[in-house]
Structures are given as structure tokens and as C-alpha cells.
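Quick notes on the structure that follows.
We just call them A, B, C and D in the order they show up, numbering each chain from 1.
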């Protein structure tokens, strides 16, 4: 029987990786995937706690999150495409016309 | 005989009837000023002359009536009025007054439009309006070529009105109105020919210098106000009794007349001396209020010294005399009226008015006497070397005023007042004569370039001679008697614990007499006798019109006849005789004498000068005149062409440059102030406050904004990073909270 | 497993949102039948009508007693209803100002208004949600709609860039929020706010770290939405890049809804923890936000960007009000920024509802002023300059007073109101917030607030200077007028001035709105 | 009860606004009409203002013609108007300046005429409102609102450097008043429990009174006696000084006192003639009025403690301002700095806390409005002709403009306080009050120095501008004042004489307020005679139940009977 803590630590680790990825990766798509990673870490947390509490709320939440993530993915990819159209690259470092 | 006496003793208009119209005396000139000033341009020359002169003439007539009323003793019942501060039985005799109600009041302070005419102000009324009228008349001819005539007469009328206010005021603040009013008028008149900026500057110099005096005057007034309230707080029944009053009565007087009324101050003065007993005397410390800790005597001395500074400003005494010579920039009639006859004597009048307070402080009196003596001497010395006829007269005025101050300082108020009157006559005559000379010689003022006028300008010459003799002090002219009366008093009065003063001042006085005789004869000789100087402007001078000569004649006549005032004709109460004028002023000066007697601050002696005194004075004067005659008739003509010794030239230059007093003031006073102002403006105001503090704050704020703005790199990941850091910080803080 | 039986009473509170959603659907469907060239004037009208309707309903609901709906997943209380009103106002004005904007760019299409409506629906629902998943979903609803709106204009690099930044950071922040939610869930075993209080207190005893970290994460998530320093950095770029009407909607609606939810969540969660924490949290955020926001706005010559920074600053003032909510006892409020024991004994619940009123009043005021200002910006900007970024330069305002006195007056009114200068609503609302803050003893913070607002007055006045005191630049194109913009301007101007001096019924609504369910 | 019994003040305040609405409807091209309507409006306002002035009963209640209705009551405010002697006098001054300002600008302002007159009318309303407000926040609202039109006046119609001046003026004043706002709100909360407290001046003052008296008792008692204070008194003991500081700063900037005066020269120099006139005439008085009405009475103890400091600042202001004048080349700057000096007298009179001083201060406020207003007016005429402010560009113009010169010199004499002009009364009373006060003698003495310096710089300026030969050929053909300009100047000159020779009617109306001010200010003074509470307490109408909205200012007797 694996103690709940391990799951949580794993989730936390995933979350942090995702966060780190968002901060450092230069390809817009990869950055976006990192965000997804964070969301999934959250899901893991939810499920772990659901297991701990032994109720359904966690599971339900996870499903909702997945659904929302899908919606976000839709709009997100569209935006990335728009960016690519307008400047022919999806490099995050190039997307800094507006500053100061 | 009795009929005539009775006629003179009954005023044509009963005093009580006349009193309410005292205000007219001031209003008439004021009206004249208004009419001339506003409509003068349209009225035309003749009408303006008419308006201005008749306004003054009317004022003169009214003054005559007032004067007459003050001496009214119909049926042996002397004119008298109740004293608001005294008990019913103690009345002010030989005086009429009228109170036109409140001017302004705040808290327990009030000032009324109160007018008072007694013998002192009465005689001055006559001088002001009388001499004033003559000078107006004179001016009608003197200013005939000037376009600004209407302004001129407006200002002149305005001046007379202000001067009348000054003398008729029954309280200090109203007096101050006249005091500043005459200053304003003289500012306008000195700068009358404003297109010449030097003349305009002279006007400003006069006003600002006077303002320095007024500064002291104001503070003195405030001190008096404080003293009165302190006195009223501390005095007990005996004090009031000594002053012939009672607490209730006095307070009532305060509440309806205000604290700075002369009659009220007189009462306080009467209560203050040590001798009279009571809770309050000169050595009593003031208990409460801002002055607490100081004694009444000390405060009184301080007050009087402040008033001295004020008077010095107005009457051109040390250290503030410098404006008067420059004031000659104004038209000559102005110099005659304002800077000789009337305004400059305001200081003397002020001290006569407040004589009863003055005698409380021997220190102040000594100071006044010494200041007067020194001023007089200095001015006389400067007058030696002046070649501008008006400048010489100006300095002689300063000198004569100094003599009056000596008299005031030594407690011979009546003599000082008398000298004031006589001086008004002969000095006005001199100035007008000078004006006539200038008028006849193309406005030439340098006596070196005149000479030999006695043939061309007979009237002018004659009158000038008379008044010269008068000022020089030659028997039997008025100047001699008045001046000698002053010196006699100076010699025989003694200030408490300051005996040396009288000796000193008397000695100086004799020197001054000699000097006066010298420089006046010099002027006369150089101007009228001898041969006409080659560089004269016009080949032949012409005698002036009757408008100008008539006043000269009258004034000359007056400067002779006023001598009667000095003759000991009236029986003295203590036996013997006393001079007419002393007797005449005694109703005004009696309180002062009483105070002096009680306080023992000054020993007043009322011996009449004997033959010896006369002789000495006469000799002195003669010697001075003789020296001048010798030098300028014999010596210098002989010296022509010979080199002048160096020391003589040096002395002469110094004297000509008025001992560099103006330069001194410029250097130690005016320059520094201007410099400080400039530094403050550039450094403190513009730099420190505005640039560094105010704009600095704005600048720093903006720069910080610019700095923060740099954080917005436009890089989404940087943004995210910062967010992450912030979260981290928050989490850490939270955990710390947990652990603690 | 029994299904919950939902009655009509459960749906009534949702009416405003429902109206918006229906209108949105109508718009979307109508698009199908329209040719590319057909006139689409009706769309804006429809949106405005929907906004009016929902607003009216909201006002009606404001007088309903506070109650739970949907089994406690949401509540209906005057607070939320007033917020719906605010949102509707923002929506209506934004839609009006969009008319001309879109026409100029030939980009009039139903989706735009539909998205606006969806976003607004999300906002009004967010204000009502009392359950974390619901909150999350509503946040996403309004976010996703606004992501799309931000990138709506396909021409040019700026909109897409803005969209991208907004999207990435938004997703990032919502992930964080969600993680916090998960942690709280773990700690308490529930996601409903109203059930959470008791468990929280136990959890605090057992594993406080979970609670605190969760709270911090949630706070961060909200801080992002309300653009509080240092979570503000997306704001200027996104506001600048987004179509101006969208910016208006974001600055008014999103912020308002986020604040409502923030207050609701933390008033509940806060009960479960050491009161010092939320106070510290929000006071710090308020301080940073007020100061930094104003300072960074000073150098801006780009009016749109300047307004973005100013919206950050205003978030700061609102956070001051929020912080005032969490002062549990006057003495406790921490020393640095407050004078203790100044209060004249106002009971804290009274003070708290005053603070709530203040926040709402401020939101309303800000909505009018800011949306009006953005409407003016959109009326003045020229598409050609957008790439150069000079479309919103101060120069565009130069001499406006001579060209269009009415507009200049309106803009001046907005600026003064934003600057908090009487007699505008901006002043009154600021006053109320400051009152609340001072009442509970946050004096130091308030002094910082007023000083920073003085700094703010500088850049607001600069716009006025340009409008009134600068000459008309030569070669200035004529300003074409448009009924939508004009209407937006007139309405906001009147509101900005009237609410400042003669608030009329609004004060009654405010008096109501101070009550929050369960408080 | 007639309409005017209740609404007179409202009429006076809002009449200009009504006319502003009228002007708004006119087409911007109708310059003549715009001017006429504005002028008529101001004139009508003057009529009502004078009526209010005469309605005011010196012997009546402290605050008269009150009007009070609920307004933002849930925030503790109410719409409450009322005037005491000082307020009504300043009100008179304001309405007096109104029409003259319009006349003065008829040729000066040549562009954007409609906006200009709108600004003037709005400004008038805000100033009158501030003077008549009895609710502290209402006062604050007017107080701030008046910045906006003045800001526009300076910034739009000003001289070359107008924008900087306008912004400086606005921010400078704003910073101070914002801090005051915090203090006001804080004061409101400490002043009492919920329900009993209000922003209304009367309530606020009366709530604080008892505590202030306790505080005074212990502050003048032995060391540390205040440690035992409790409740409100303790709070005031701790925070009172800070609140007073906030109030004082706000008003000191407005006055302006040294060293926060630097906005004034810029604003004055850049402002158009109308702006300068109003700024000098009325707006600066808001500062002194604020001290008189709010800062000092509400915090007597703190004020007492700060009194020497403030008095020093005032004296510095007098001398420093005068010295500044001596260093100026720019005429308007000179006049502006002379204002600093004159307002210094006002402040000194207030801080003397003697009847004479306070009366003088109040009177000096009016004087300064008249004389400095007139100076700016006259210089405005000159500026229209020559468009330069430098003294060196003038000189000798008395020759070409005699009438103008005469007027200017008369006003100058009033400004240097020559007896017989209005200036003298104020200055004399202030100085005497200072000497009588518990302030050391030095204050009075130094302040009196201003008498000398005043004459020095004013006459210097007159000299440079008017006397001497004509130095510039441009000046040779300046035309003298025309009828309009004379008509504009005449009222000032008349007032100078009237207020100088018959000040009593004005002083009578100020007197009751003065006594109350002194009583309230000396609550904190050690050893001051304790005034009776009924003189200290502020008696105002309570918030009515909409049935009656006003307290009739006077017994129901016809006006004629009361005069």
C-alpha cells in the first residue's frame, strides 16, 4: 500500500516541473504543454486526496479540469497559430513587441 | 480799553456752537484737493487757483474762529470742556473739542474721530492755514508756466488737510493719520516733476525714510496702549485721585474714547510720579501682560525713545535727516510750506502734545536734547559749504529744528513751540525769497552764480534781509527772542541726575548760533550784494509779480512782530513776569509742569532771560555774521587766483559732500538689504525650496517610475518568473507563520 | 445516488447570466444567415438590450433575501446582484463603444458580441459561485472568452501577441489557483465554501502548512486576475494589444468579478486561519499595487497603456478596501502601516459591510470612468498607427477641446474621476474606501494611498493638459463620430458626475449590497 | 417663511452655475452675448450676495441663513449651508469681485471666450460654496473642486509658461488637501460612536469640545498629567497633533505660508488678469479661512503647541516676502510676493489669538482681496497694452497715462497701508493684536518691519514703471484708460476709501465671529479665561425631517425694520 504522501510529492514535483518549463522553454507550443503538465499534476493531487477522503468530489473535479483543459487547448492552439501567422515563428523570445 | 479787551475775549461764534464744525477746517482743503485733482484739468488754471486758494482761505477763517473760541472768556467765564477721563470738576480750560464718533473699534480698543483745539493746536492752525494761504497765493504765480498746476494745487490742498488733521487730532492714531498723510503728500510733491527720475527718487527716499520713523512710531503707540491697560489694571484709588479722576470714570473714558487719547494719557502721566503715592509709580513693575517685569518708568523711556525715532524721521533729525536736503527737488513753495514751515515741525508738536509723558523720562529728554544739538551742529557745518541756495536753507531748517528739539528735550516746551512759530514765518519767507530769486534768474540756484541782486529785486532783497537777520538772531527780531528763550531754558533747566546735559547742550547752542549767523550771512552776501557773477544765466534779473512779493512782505512783517510773544508781559502766578507765549501755552503745558514737579525728573526754571544773556547771544550771533562779512566781502575777493591750501580744500570737499553720510547709509544699510534680498531670492527661494524640494520631489518620482517601467521587458516568461517568485515568497512567509 | 431536485427558485438567480447566454446564442446563430456584407448594426443593440435586461433583473434581485442556490454551489445575495449590475454596465458601455471600433476595421461580426456576452455571463456567475470547482469553471469561462476577444483582430502582430501572453499567463495562473484549491480540498475534504469553515479550523490544527500554502496559491490566482503587483505584468501589454472595447470590458468586468470572488473566498477561508495572514497578504499587495501602478503610469505617453497602469493602481485602492475586511480587531492590525486603536468603536461587522459597500461603489465608479475613458481612446485611435504603436499617443488628444468640446469635457470628467477629484464619483468612491480603511485603523496604508493618488493626478491631468492647453496639431484628420461611442460617452459622463453629487437610488442599492451571504 | 429665508444662500451659490448653463447654450461665436450674460449673472449674484450680507444679523445666531438636507447620509454627510460673520464678509468680497473680473477680461481674453466665461462662473460657484459649507466634507468638495476651473484659467488663458504653472498649482495644493482628507475622516471616526458622529461642523466641534477642554486642562497642568487621559481625550492627545498638522499643511499651502509658497508666484505670473484677481482676491483667503474655521478651533491644544512655530513662519513670510519683492524684475511676481507678505499679516493676526489680532486678520483678508485684486487688475490693463511684465520695459509712462497712474498710486498707498486707506486698519489691528498677545515682543517688532519694506518695494516699483523719462519708444503712444477700464477700477478705489474711513460697519459683522474664534482658539491656551460653553459650542440646526429644511436666520421682521 503506497502512502498518500508519495502521490502528493510526485504531483508537487510534476507541478514544479511544469512551472519550470513554462519559465524556461522558448517554443510556445512546449510552454503550452508545460501548462498542461501543471494541470495534470493538479489532477493527480485531486485524485490522491479523493482517495484519502474516500469521496467523489476529487474525481469529479478531475474530470472538470480535464474538460476545461481541452477547451483551453482549443483556444490556445488557435492563438499560437495566429501568432505564427503574424510573425512566422512561435519562439517566445520573439513575442515581445509590446514592452515598458 | 475794556471794551476792546472784552471784544477780543468774546468769540464771535460761541465755542459750544462752533465746536461741531471743527471738522470743516479739515474738510475744506480736502474738498479743494478733490475738486482740483479730479476736475482740475477741465476747470482751467484760474478756476483751480480760485478753488485751491479759497479753500485754504476758508480754512484760515475757520481756524481764526476756532482760535478765537479757544481764548473765549466772555464775562470772565473761561471757555472749558469736560475731560472724559477726569472727574466732572476738573475741566480742560481754553480748549474746544468735538468727537465725531467711532473710527474703528475692536475688542477693548477703539479710535474716534476726535478733534481738539487748544492754544497749542490753535496757534499751529493759524500758522498752517495762514502761511499755507500765502504760499498758495505765491504758487499761483510761481507755477504759472507748469502744465501740472491742477495736480500741484490738489496735492498742496491735500497736504494742508493732512497737516490740519495732525494738529487737531485728539488721539495718537488719528494724529498718525495726519502724520502719514503729510508724508504721502510730501512724497507726491517732492516727486512733482516726476519726469526727472532723480526728483522722483528723492520723493521715495523721503517716504521710505519717514516710514522708518513711522515703524518706531507704531511700536511706541502699541507700547503706550499696553502701558495704559497695565496701568488701568494695577492702579488704585489714590493714583486716580492724584490724577483728578476715578477708576470708574477713567474706564468709562477708555471705553468711549479709546486708550490713546491725549487727555487719557495725560491722566496716566499725572498718576505715575513717585511723589503722588498710590499703587503705581514709575518704579512699579508691570504685573501681567506682555510687558510684565518691566517698570512703568522703563517702558515710558523706551516708548519716548521710539517716538523720538519717529519724530526724527518726520522732523529730519539724526539719524534720519538725510531725506530733507534731497526733498528740495520739489517746487520751492513746497519746500517753503512743507519742508520749512509745517510738516517738519510735526515732531516738535508731537512732543509738546505729549509733554506730560515726556517729562516722566529724563533719559529720553536728555537723548532728545543731545540728538537735537548734534543734528543742529552737523547741519550747520554742512550748510557752510553748500552753494545751492535751497540746500543751504534746507540744512538751516534741519539746524533750526535741532534747536527746537533741544528746547523740547530740556523741557522748555513753550520756547520750542515759539521758535516753531517764528521759524515758520522767517524760514517760509527765506524759501519764498529764494524761490523768487530763482524765478527771476532762470531757475539758477547756485549762489556763486548770482550776486548783486539787491538792485534788480528790491522787494525780494529787503524781505530776504529781514528774515536773514531774524534767523541769525539779531535784536530786535523774533528769531532772536525765540532762539534765546530756548537757550535760556536749556541753560537753566536741569534734568534729574543728568545736569551735565544742560551745560553741554547750551555750549553747543552757542556754537550753532555762531554758525547759523555765518552761513546765513554768507548766503545773503553772495546772493544779493557784490557784483553780478559773470556766469549768471540771465543778464538782468526781474522782480517777481505781486502774487509773490506780497507774501514775502507779509511774512517778513510777521517774522518781526512775532517777537512780542517772547516779551515778558504777563504777570506770573508766583510773582514777577513771564513771557507772553509761556503764559499763553500754560493751559496746555500745566500738566507737564505738574508731573515734572511731582516726579522731580526735570527742574523747570522760569526765570526770564536778563540783559546779560541777551548780550552774550547777541555777541555770538554778531561775531558769526561779522566773520562771514569779513571773509566774503574782504578776504576771498582778495584771495582770488591764489592757490587754496590743501587742508582747506579737503575740509570744503567733505562739507560739500555732507560728510558722506548718504554714502555711509548706502553702504551699511541699503546695499546689504538689497544683497540679502537678492541672495534669498536666488538661493533660498529659487534654488533650495523650489528647485530642490518641490521640483526635486517630482523629478525623483518620475525617475522611479521610469526605473520600474524597465521591469516590463515584454517577455511573458519573465512575467511568469516574477509571479512564481512572488508566490514562493508568500508561501515561505505563510510557512514561517506556521512554524512560529 | 439520488438526483437533486432543482426548483425554479434555483434558476431565478441565474436569470441575468441566462439572458446573456441566450442573447449570445442568438447572435451566433444569426451570423449563420448573414452575408459578409450585411449590415450588423443590430448586434450591438441586441447586446446592449441584453445588458440592460440583466442589469434590471440584477437590481430586482438585489432586494431578495440572501439564499443558497444549487445545493450551495452558489448563493444569491445583494452583493452578487450588485456585482452583476456592475458587469452589465461594463458590458453595455463596452458594446456601445465597440460599434464604431469594429466598423472602422470592417471586423463587425456576431462572435465578438457573443464572446463579450459569454464572458459577462461568466463574470456574473463567478460573483455568485461558492464552490471551488464552480469558481474555477466560471473563471475559465470568462477567461477563455476574453482570450479569444483579445486576439480577435487578426490583422497586425499586437493582438495575437497580447492574446498569447494573456493566454499563457492566464492558464499558468489558473493552474496555480487550481492547485491551491486542490490543497484546500485535501485539507478539508470539501470544496464548498460554506461547509469549509469548520473543517478548516480542524485542519489548521492538524496540518496548517497545507492550508496556508493553499491559501497563498489561491490568493495568487486571484491576484493575477485583478492585476495586483507583482502579478500585474501581463496587464499593460494585454490591455495595449487587445481591441480597445475588449480592454474596457477586461478592466471593468473581469476585475470586478475577480474581486467579488476573491472577497467571497477569503472571507470564508480567512475564518479558518490566523487572521494576520490574509491581512498581511492583502495589505502588502495593496501597498505594492498602489505605489507601483501609479509610478509606472507616470512616464507613459501611450494613453491606452497609461490607463492599463492606472487600472493596476485602482486595483491597489480596491485591495486597500479588501485588506480592511480582514482587520479582525483594531489592535491587531499590524503596526507598520496602521495606527492602532484609532477606531471610534465601530463594530467590526458594520465596518466590514462598509468596506464591502466601498468596494462595490468603487467598482461601479471605476467601471463608468474607465470604460468611458477607453471608449474615448477607441474613438480617437487610428488603425494605421497601431503597428507603430503611436495610435494612442498623447498627441492624439492635443487640442481636442477645440475640435470636440463635448468629448474633451467627457474625457476630462473621466480623468478627474479616475484621479479622485471632486465633484466626481471617483472622489466619493475613494472617500468611502478610505473611510472603511481608516475606520478599522489602516491609517498608514491610507496615507500611502492618498499620496500615490496625488502622484496619479499628475498623469491624469497631463491628458487634460493636452486636450485643453495644447494647440490642434496641423494635419489632424477629422474625427468621425459614431452613435455608439457618443452614447457611451454621454452615459458615462452623466453617471460620473451625477453619482458623485446626486447618487439617487444607487445609494439605496449600495446600502443593500453591503450584505454578503453567511456574513 | 419665504423662499429666500430658506434658500438665499443656495441662490447666491448656484446662480452663477445657472448662468453657466445659459452660456453653455449660446453659440461659441456669440462673444458679445456670452460676455453680457456672464456679466449679468455676476451682477445678479452680487445683488443677492449683498442682500445676504445685510440679512446677516451681527447680534443674531452665530450661523445664519442655514439650510440643511440629507445628502450621502450613510457616509455621515449632509448638505448643510450657513454663514457666520467672517464667511458672509468673504462671500461679499467674492460676489463683489465677480462682475469686475468679467469686465476686466473683456479685451484681455480673445480666444475660447465661451469656455473662459464658463470657467469663471463655475469657479464663482465653487468658491461661494466653500465659504458657505457647514459640512466639513462638503467644504472639502468645494475646496477641491475650485482647483479645476482655476487650473483651466491658468493653463489655457495664461502666459507663455502656463502649463507648468497650472500643473504645479494643482498638484501642490492637492497633496496638502489630500492629507487633510485623511485627517478629516480620521477625526470623524474618533469624534464619537456610530450614530452620534457626523461630518457636520457643529456636531464635529461639539463632540470634540469636552475632550479638548480636558486635554487643555492637563496639557497646561504638570508634566505627564495627560498620561491618565482616557477615551477621546487620549486619542486627541496622541493623534491630535498629527491631524492638526495635516489640516495646517493643507491650509498653509493655500495661504500660502513660507516655505510652501513657491506655487504662488508661478501661478500669479502665468495666470490671466481674471485668474490673478480671483486667486489673490478670494482663493488665498480659503487658507486663512480654513485655519480660522477648522484647523485651530478643532485642535486648540495642538494649535497652541504649534503656535510659536506657525507664528515664526508667518513673520518670516512677512519679512521674507517683502525682501523677495525687492529682488524682482517681474511686476506680477512682485505683486505675488507682496501677497505672501500680506497674508503673513493675516496669519499672524490669527495666531495672536487676541480680539484685535483676529479682527485685523479678518479685515486684512478683505483688504488684500481689494487692494491686491486691484493691483492685478491695473497691471492687467498695462499688460494688454505692452505684453511685457518686466519693469525695465516700462518707465515714465505717467506722462502718457496720467489717470492710470493716479489709480495705480492710490491702490499702492492702500497696499502699503497708508492711514485713511483700508490697508491701515487691518495692519494696525493685526500688529496691535500681536503686541497684546502672549507672543514675545519680537514677533510684533519684526512684523512691523514689513511696514518699512512694504513702502520700499511698492514705491520702487511705482518709480520704475511710472516715473522718470520715457525710456522705450513703444511706450510713447500708450493710450490711457478708457471708460470701461475706469468703471472697472472705480469700485476698488471707492472701496479703498470707504473701508479705510468707515470700517466699522464691516467690523461689526465680523466682531461676533471674532469673539467666538478667540474663545475657541484659547481653549488650549494656558491661563486663558475659560469662556462659557454656550459661547464655545457651535449651535446649528439639526438634520430636519424634510418638513422644514432651514432655520430662519432672523426674527420675522421686515428687512427695513431691522436696518
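Operating definition for what follows: contacts are C-beta pairs under 8 Å (C-beta built on N, C-alpha and C of every residue); 3 or more make two chains touch, one makes a residue touch a chain.
If you're wondering where the values come from, they're calculated on a predicted model, not measured in any experiment.
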For chain A and chain C, chains touching each: B
Chain pair showing more contacts of the two, B-D and C-D: B-D
Closest chain to the centre of mass proxy, which here is the mean CA position: D
Inter-chain centre distance, chain C versus chain D - centres from mean C-alpha coordinates, in Å: 42
Centre distance in Å when chain A and chain D are each reduced to the mean of their C-alpha atoms: 65
Computed distance of Cα centres, chain C from chain B, in Å: 78
In chain A, residues with contacts to at least two other chains: 19, 22, 31, 95-99
Shared interface positions of chain C, touching two or more other chains: 164-165, 168, 172, 176, 236-237, 458
Per-residue multi-chain contacts in chain D, two or more chains: 171
Contact pairs between chains, per stated definition: A-B, A-C, B-C, B-D, C-D
Residue numbers on chain B that touch chain D, as the complex places them: 37, 102-109, 173, 176-177, 179-181, 184, 187, 191, 194-197, 200-201, 204, 207-208, 211-212, 214-215, 218-219, 222-223, 225-226, 229, 289-290, 673-674, 676-678, 680-682, 685, 689-690, 693-694, 698
Contacting residues of chain C [partner chain B, same complex]: 164-165, 168-169, 172-173, 176, 208-209, 212-213, 215-217, 219-220, 224, 230-231, 233-234, 236-237, 274, 276-277, 280-281, 292, 295-300, 455, 458
Chain A-touching residues of chain C, taken from the complex the two chains share: 132-133, 136-137, 140, 144, 147-148, 151, 154, 156-165, 167-168, 171-172, 175-176, 178-179, 181-183, 185-186, 189-191, 236-237, 240-241, 389
Residues of chain D defined as touching chain C within the complex: 28, 72, 74-75, 112, 115, 137, 140-142, 144-145, 147-148, 151-152, 155-156, 162-163, 166-167, 170-171, 174-175, 178-179, 181-182, 185-186, 188-194, 197, 235, 239
Contact footprint of chain A on chain B as seen in their complex: 709-710, 712-717, 720-721, 724
